[in-house]
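Structures follow.
Next come two complexes, and both contain chain A; in the first it sits with chain B, in the second with chain C.
Up next is the complex of A and B:
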């Protein structure tokens, strides 16, 4: 339960207007730091919800697939340049971001990850790597501003950052493939 | 039963026969080069101290900046690198039951490559073609052979890295379900960090070679400096990790105790490997062209290293107190008296650990934006790294010599040699305390670093530095005495001490300790995390530096 409290504290910290403003002022930090931290806050708070509503999770997410699909949809939605732009322009979209990433993506990731088979986990990682590499291609390659709120240099930086994280996930997958994981259990 | 068999077939012969002769030759060769480099670098250090204080004038064919560059490269790069490899390969050989023949070959290949590299580097410095200081970043440009020498040095390190990875993997494959021995785990951490730290500087050097050859007109100075410091600061932490391996896994045995909880020790190694590389940015706090928000972010990244450091400090003092109390120490501090202060194998690393307290505090000052503005280009910084490297790291290395060299050469540490070691440690500590102490004070008064003797036309401020500079010179003299004693001790223990058996003092866990968790062996994951932390730290500033690059700088030779 301690971690649920830490998750709540992290969430409240991220909600503070100066913190949100600072993180959203840099494009790459907005996408690759604020958003993952919101997911992490939800991931930690998920423990409380799992204890409170065990039957709900058992009924709707007993093999982890519905939850991970929800996570993937929410995460992918927030990778769309326009979604990020709208979060900065419309207050309601900003609220949706602060609700969807922790409570729809973070909580479902928490409940689903351990329930997934290895094939399921690997599919999610392959999807994430492919998505990040595609975003790298898009954000580095675009020769015009694709977000009203950010400069071209910021979107290129985001592209390189996505490439780096995508490559890291690929390396992680390769080592899963080549190293016998039962060695570590 | 299995334990008893292991004892009979594996531990007993190891105790009786000592180090594998061929592995010992590898380590002793590296250690010999290390201490020859220490001797030459030490002599150059004294010359530099005397010139800096205005007590002597170096001849034009061997000026202050040549000596400064050679002192830095020989001690900061050659001594520490060769010592680390010699020591870590001995640890690996002991804890994994010998090096594989191909790994031994890789170690010899590494040695040859490094010797070629050092020969090229020192020749260019002596010829006056490479007075670029040991940081060697542009716009100062050395002869291309200087950088080619550095490439050989890096290739030598990589050969050793691959040797360690191969040996470690081989052992793990043949011991399913067993975590690797603690010292081998440390070696893996050291060489993983070394490999990834050297990638940035390799890119830098490979861009400088065509630039100095005239094939490329300009170079992006800020990117080169950033790549250098991604390596430069990590190198500092590689030494620190090497020293910690002795603190955690050797010192407890020397004081007659057991090592700390292995899970925590392994966590410290993993944290040091994962968090280290971004620390380099605090060396660039006054660099223009890096935004304030990035520098702010990097204060956190640099200070994150304080977490494993403090874990180490508390863990080590717990081990000392536990052992002291077991030996009958009473009261609040009575246990301190029970520690073997007369044993150089304990005294030297203990002083090293204690010096890490002021050294670490100085590091926090250097890493803080506002305080760094005051001290950045002053002698304070020189004082700082003489405490951290010169005491915390080097005294640990010296302490290691007094069991490692006799163990490898199948000789013994005599009482007399132990006394020599204790005297050496005291001379070194006093010399470094007065030299680094006065450097810190002179730095606060504005005395610049990387500058030959000058009084700025007898400006009163500059004249106020002179007394402190005399103290640098006095300290440097004591330190050279320390170097001579240490080099004598090492070669004496290598060739002249009485033959005999010296134990490899690897500490053991307490009786009811849980086995080390296997998840700590997930090196693939630690490397991915390391790369992610590097990406977090470097993508934003490097893209900014490249996209907003100024025209770049041609090679500049100021001498």
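Up next is the complex of A and C:
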């Protein structure tokens, strides 16, 4: 239960307007720090919900597939350049961000990840790597503004950041292929 | 209901939710960036342009609606210090100008480049700048807004976003704007597609109407 409290504290901290403004003022921090932290807050708070409604998760997310699909949908949604722009321009979209990332993505990731088979986990990682590399290609290569609220140079920084994360996931996936995992169990 | 049916049901609900979310937030998969959303919105709503007083390279002061009375206006937004997109846009604008039937120019359609850097782009600067692109200063005028508030309102209506950077330059979006005879926005055109833009303008000229 302790971690649910930490999750709540993290969530409340991220909700503070000065904190939100600061994190959103830098494009790469907005996408690769604020958003993952919101997911992490939901991930931690998920424990509380799992304890509170064990039957619900068991009934509707038995094998973890529906939950992880929800996570992937929400995460992909926030990769749309327009979504990120509109979070800054429209209050409702900003609210949706603070709701969807922790409670739809974070909680369902918490409940689903352990239930997934190895193949399921790897599919999610392959998708994430492909998405990040595609975003990197898009943001580094574009010679026009993709997000109207940010400068082009910030857009390229974000592209390189996405590339770095994408490459890390690819390295992880490759070592799964070439290194005997049973040695580490 | 068995556990498999329930899992399937929740999966279907989630995928439907995802579909609706993506559909609604991208205007039916048509606009994935706010720039394309803005253009789509402008073309669907044809907003009227707010009044704005301009001063051109010949020191003439005029109202936009007076200059454009009963004519179409082909418009761009730029600043003369720009080293990136503006020279290319103005160069392309010159090519579009060449592709319009000469008898229509000045009579049915006028060209206008508006600077969003009015402090530096005074008439002298604009007079020099216009010669680089072969603007005649009459049927294709280069002008600055007299009043910052009027300029902001015009930029806002057309969704032109201008962000000053720390080196005295601006980050901004760029497009060709075609304004109708009654002062409403008709079309937003890709400034890199010269022939396409000219064809769209010529089609409007041939058809007439507002």
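By our rule, the second predicted complex is superposed on the first by the 185 of 185 C-alpha atoms of A that agree within 3 Å, B and C clash if a C-alpha of one lies under 4 Å from a C-alpha of the other, contacts with A are read in each partner's own complex, and residues count from 1 in each chain.
Basically, a residue touches a chain if its C-beta (ideal position, glycine included) is under 8 Å from a C-beta of that chain, and two chains touch if they have at least 3 such contacts.
All of these numbers come straight from a predicted model, not from anything done at the bench.
K.L.:
What is the contact status of A:145 with respect to chain B (first) and chain C (second): first, second, both, or neither?
P.N.:
After superposition on chain A, A:145 lies in contact with chain C alone.
K.L.:
If we overlay the two complexes on their shared chain A, which of chain B and chain C does A:38 touch? Say first, second, both or neither.
P.N.:
A:38 contacts neither chain B nor chain C.
K.L.:
Taking the superposition on A as described, I'd like to know which of chain B and chain C A:20 touches: first, second, both or neither.
P.N.:
After superposition on chain A, A:20 lies in contact with neither partner.
K.L.:
Touching A:179 in the superposition: chain B (first), chain C (second), both, neither?
P.N.:
So A:179 only meets chain B here.
K.L.:
Contacts for A:101 in the overlay, against chain B (first) and chain C (second): which applies, first, second, both or neither?
P.N.:
neither
K.L.:
Is A:156 touching the first partner chain B, the second partner chain C, both, or neither of them?
P.N.:
After superposition on chain A, A:156 lies in contact with chain B alone.
K.L.:
Quick one: in the complex, what on chain C touches chain A?
P.N.:
That would be residues 3, 6-7, 9-11, 14-15, 17-18, 21-22, 25-26, 31-38, 85, 161, 163, 165, 171, 173 of chain C.
K.L.:
Would you tell me which residues of chain A are touching chain C in their complex?
P.N.:
Chain A reaches chain C through residues 59-63, 65-66, 69-70, 73, 77, 80-83, 85-86, 89, 144-149, 151-152.
K.L.:
What part of chain B is in contact with chain A in the complex they form?
P.N.:
Contact set of chain B toward chain A: 172, 176-177, 293, 518-519, 521-522, 524-525, 527-528, 531-532, 535-536, 539-540, 543-544, 547-548.
K.L.:
In the complex of these two chains, what residues of chain A are touching chain B?
P.N.:
The contact residues of chain A facing chain B are 26, 28, 32-33, 153, 156-157, 160-161, 164-165, 167-169, 171-172, 175-176, 179, 183-185.
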